[in-house]
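Here the structure is laid out as structure tokens; the discussion comes afterwards.
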């Protein structure tokens, strides 16, 4: 199995990026693309006339030459397509979120396990130089105790037809939190609002609590005047600013913080002093994250490995999203998160 | 009463700015400053040797030449000092927040009313060119229906000894919301965290709901790697970015948004399209807001006027802060706000 | 001639962008690509297996199905390739600069005229929404009298093997100046430096004088710590900042300037006052400039039109570059520019 | 002489900053301020009623209690006022530029030497944390060989009545170059333009050449849409961006550059490769530079020391300005700089 043959379902916003990167890999070939929209298939043909196209995804599943199915369709279809692909004996890379419920995610995990197939979620940011560097810094205790994680991920568009802004955008932050922080959240609160006739929130504020005095907060928004992709991660020794829109210096490490001392007047009161130091912006691997991700996907298939962004991490993210759904139905009430049974 | 004589209580961080601006006004004189810290009084003398100084604020209240008392002390002392000053027959300008509870605020309002004295809260931002322009834009319906108000007010320091970051920083946003939005919030939720041995939160996320589908959110933080002072105000016709750290172009108006149409295929589904247009940054009055504020204070004294930032607006802000206090005690539960009885 | 068949010579940095855009046009087809480097041809095949490739550009010239030749090779080869293509009866789109001397440019112009072929220079910026808007503003006298044009175009790389940074980067600014300003420069001065063993300057400062009191200055640099693409255009009524790295708001119009009055004390001295007003950022056409450019190229071929960036504008740019070459040889001496004989 | 008594001539734009800082020093006292404008003296009295004021600077020179004279008047008066002050036996701190010609500067140096008085130029930037850090980096060879120094110092205003923008703004850069670079310039070229009825240029481009392959370039401009204060200093090992408008991270050190190798194909051609690494922003001393400067002035008086920004450095700056004056009269011709006879 030296050459992996791939079929891609969905050629809308993200599909073209997937196809482009699979083509750039030397040991994969994109045999076929399916999409229910003829105009999208015409786009495939305009650029890659040698790729087969079809309006029926079933054609891909039935194609015995295809080893792996890549799913880049609306979120509500992920589960059924991924399940069908696994049942057809294909390895699967599915766009985020993995499924629409943790129950569905469990089913997919079981199906992949039973058939010994690779099931990977496309949490692209996990493969970026910036997020890898942040994980390394936190793992090496460079930040000290983590105090908070604060992310703002906003811009104008793209309103999704079948999920709210949390399931579309906050899922990125939840995957990053899952990957870089050494703790799992224990409770979630969500408040948000829809400004269309749809019931899907287009602005939302999600808060996560942990067993330590760590707080995480995510602001996601499809209706913002400007694009912001900025995360602050604060430890008691160092603080990180991760601005994904910066072309260079995406990650800045601030060697600053507070110094707490007791007052000398026996009043037991605390004095807060401030420490300001250097700012350091490490060199990052600038390879396109999606390229590294699909390289890893192919490697997992060839060598029967568990992907970094495996289905269990996808499930952990969905569990939080489900808690968030419940919270917003109960006016932002703090919802306890159960430990994933798969943990 | 052509010359108003002023006494200032508190000469720490904010007091020097107040004294400097009162001195710049032609129709006021700063007669005396009190502070319990000798080193602060020495600062007064170094710059203004002709101003009387004292460690006892009572000296200022008993000085019959003093017409108005300006209070720039820690928040927990505002109520008792303001009450004493009113009882001594002085007009009062008090730093934000007006008091530590709505009950206290009521008492101050009654005392000022009974004695026909001016009682004004130092909500400085209300007098800035940026906030005045934003109010004008909203009043003139330039934004259309307001969808959300989102503020980030973060930096490293200054930890306050007697209040949390909400009572210190979010109070600015609450005063601005009160001034520029045509609605009063009906519910509040607060989550936050302390990272010191103190019980006062140094990071907090406050959400306000209204009777319309407007949501307001405020992120305040004393432990941030960088300083941000940015507010997004989104209407269905235009969107504002107000960045107080910009030296020019503090207010930018984006003529953009979404266009909602129904699908033509009888499915009743909605299509979201995007509208992008010009960006406009209006010229702003750049006069120092504090200067305009104390000018207004003196004008209210001389002409027996009600200040813009009067004690009732101070009370409205405190009512929200009290709701927020209750919310955080109940794990971020959404707390209904009672209509102010004074409304 | 409804479908224009194109051959592309050179598939290095810029060639792939040309091919991609020609493919996106419905009425053109890319029949063949030539490059002397096998690895570049392999890149073509990887993405477009249906395009013919060859290491010999002569194959393209001899291919009678090819209507137009696009040249994207190093600058020193532009003249001979363009001449050969014209002589083979092909329409030509040649990368900037058009040729290595004005003498060569004349020859190309004559050859194209004689054969009634389209000869167009790839001055891509001329087709950008930003530059078009700036031209419109200046044409409509929105800026008043133009005082200066100041451009900084710097970054790390890409060192060209056969031209200096002026012939590589300043050529963009000279094309823009030629297009947006209502005047032609009358003199040029150039100072610069090489920091490699090559004689080609990698940093240079070019100044242009005009018959009016307008001054233009261009800083180009291949050895800069950060990327800057910013042009200031100042008139006595309004000023423009054009920052090509901004994703939105590339063009900002500042309604500000100075007000000159004579002193009232009969001393004949001038008082300078400052006027600050609104800042306005107009909506721009965001279509990829290269797409609009090649669309225009095809339109010129089909309808026998003179291109906007025709060979005479290419010649005007080269005349200035030649003056600049002379200036730097004479230690930055101001060199008078002759009026182009073709004017 | 434990307390140094100071008299300040000129209370326009810069004078108030000088007075404020002298007052903040414990071992100095501002005895008197002179200015020919009554409204300026009223400003002094409004803030510092205990300082004597006068419209005649001679009063200060004749006041035997005054040890040191600080001159903050228009540039054309610096020489005569400084000379008179020295002749009256006073130590002198004079605003930049030291004088209007090198001849005048020589006279001042001789007068101060003869009388053993401190004569210091107010080149404020030399005392900033940023410039000190840059000097330290260059002295410690952190940048390698210096390739270029490029400064942009532009904004709207303040047009000076008696000097051009070079003598007003470029003087800062010349002082910094003199302080941080290990070489003296050997030639200067200047081109610029006036856009008022005055003959003083309001926009200018100054280029300096050195004995090594180092080039320095300064763009100064009183008529710019935006304020920029940015200097690039490029060495073959590291590059610096110094942005004085940044509130934090004023100095950034980029560990990047080019790598030159010869082609392996025996053609003797050079291949340029690029090296990109970390970016580092060192902690800087944030003390107000003017405070450190006058502290140093007082220290020099008390301990009979030679100031860092002594009159000879002031003379070196003026020599370049004179060369620049000559260059612009000769259309930007490169003017050789004589070595200062005082060197």
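Per-chain residue numbering starts at 1, and chain names A, B, C and D are given in the order in which the chains are listed.
Definition applied: a residue touches a chain if its C-beta (ideal position, glycine included) is under 8 Å from a C-beta of that chain, and two chains touch if they have at least 3 such contacts.
Fair warning: this is a prediction, and the values are worked out from it, not measured in the lab.
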item: Those chains which touch chain B and also touch chain A; value: C, D
item: More contacts between chains, B-C or B-D; value: B-C
item: Furthest chain, CA centroid comparison against chain A; value: D
item: Distance between the centres, which are taken as Cα means, of chain D and chain B, whole angstrom; value: 41
item: Separation of chain B from chain C, taking each centre as the mean of its C-alpha atoms, in whole Å; value: 52
item: Contacts with two or more other chains, residues of chain D listed in rising order; value: 226, 248, 276
item: Chain C-facing residues of chain B, complex; value: 248-249, 255, 276-283
item: Footprint of chain B on chain D - complex, ascending; value: 23-24, 46-50, 226-227, 247-248
item: Sites on chain C touched by chain D in the complex; value: 147-148, 150, 152, 156-157, 159, 161, 187, 189, 191-198, 203, 205, 207, 209, 213-215, 217, 219, 221, 223-226, 232, 234, 236, 239-241, 252, 254, 256-258, 260, 269-270, 272, 274, 276, 331-334
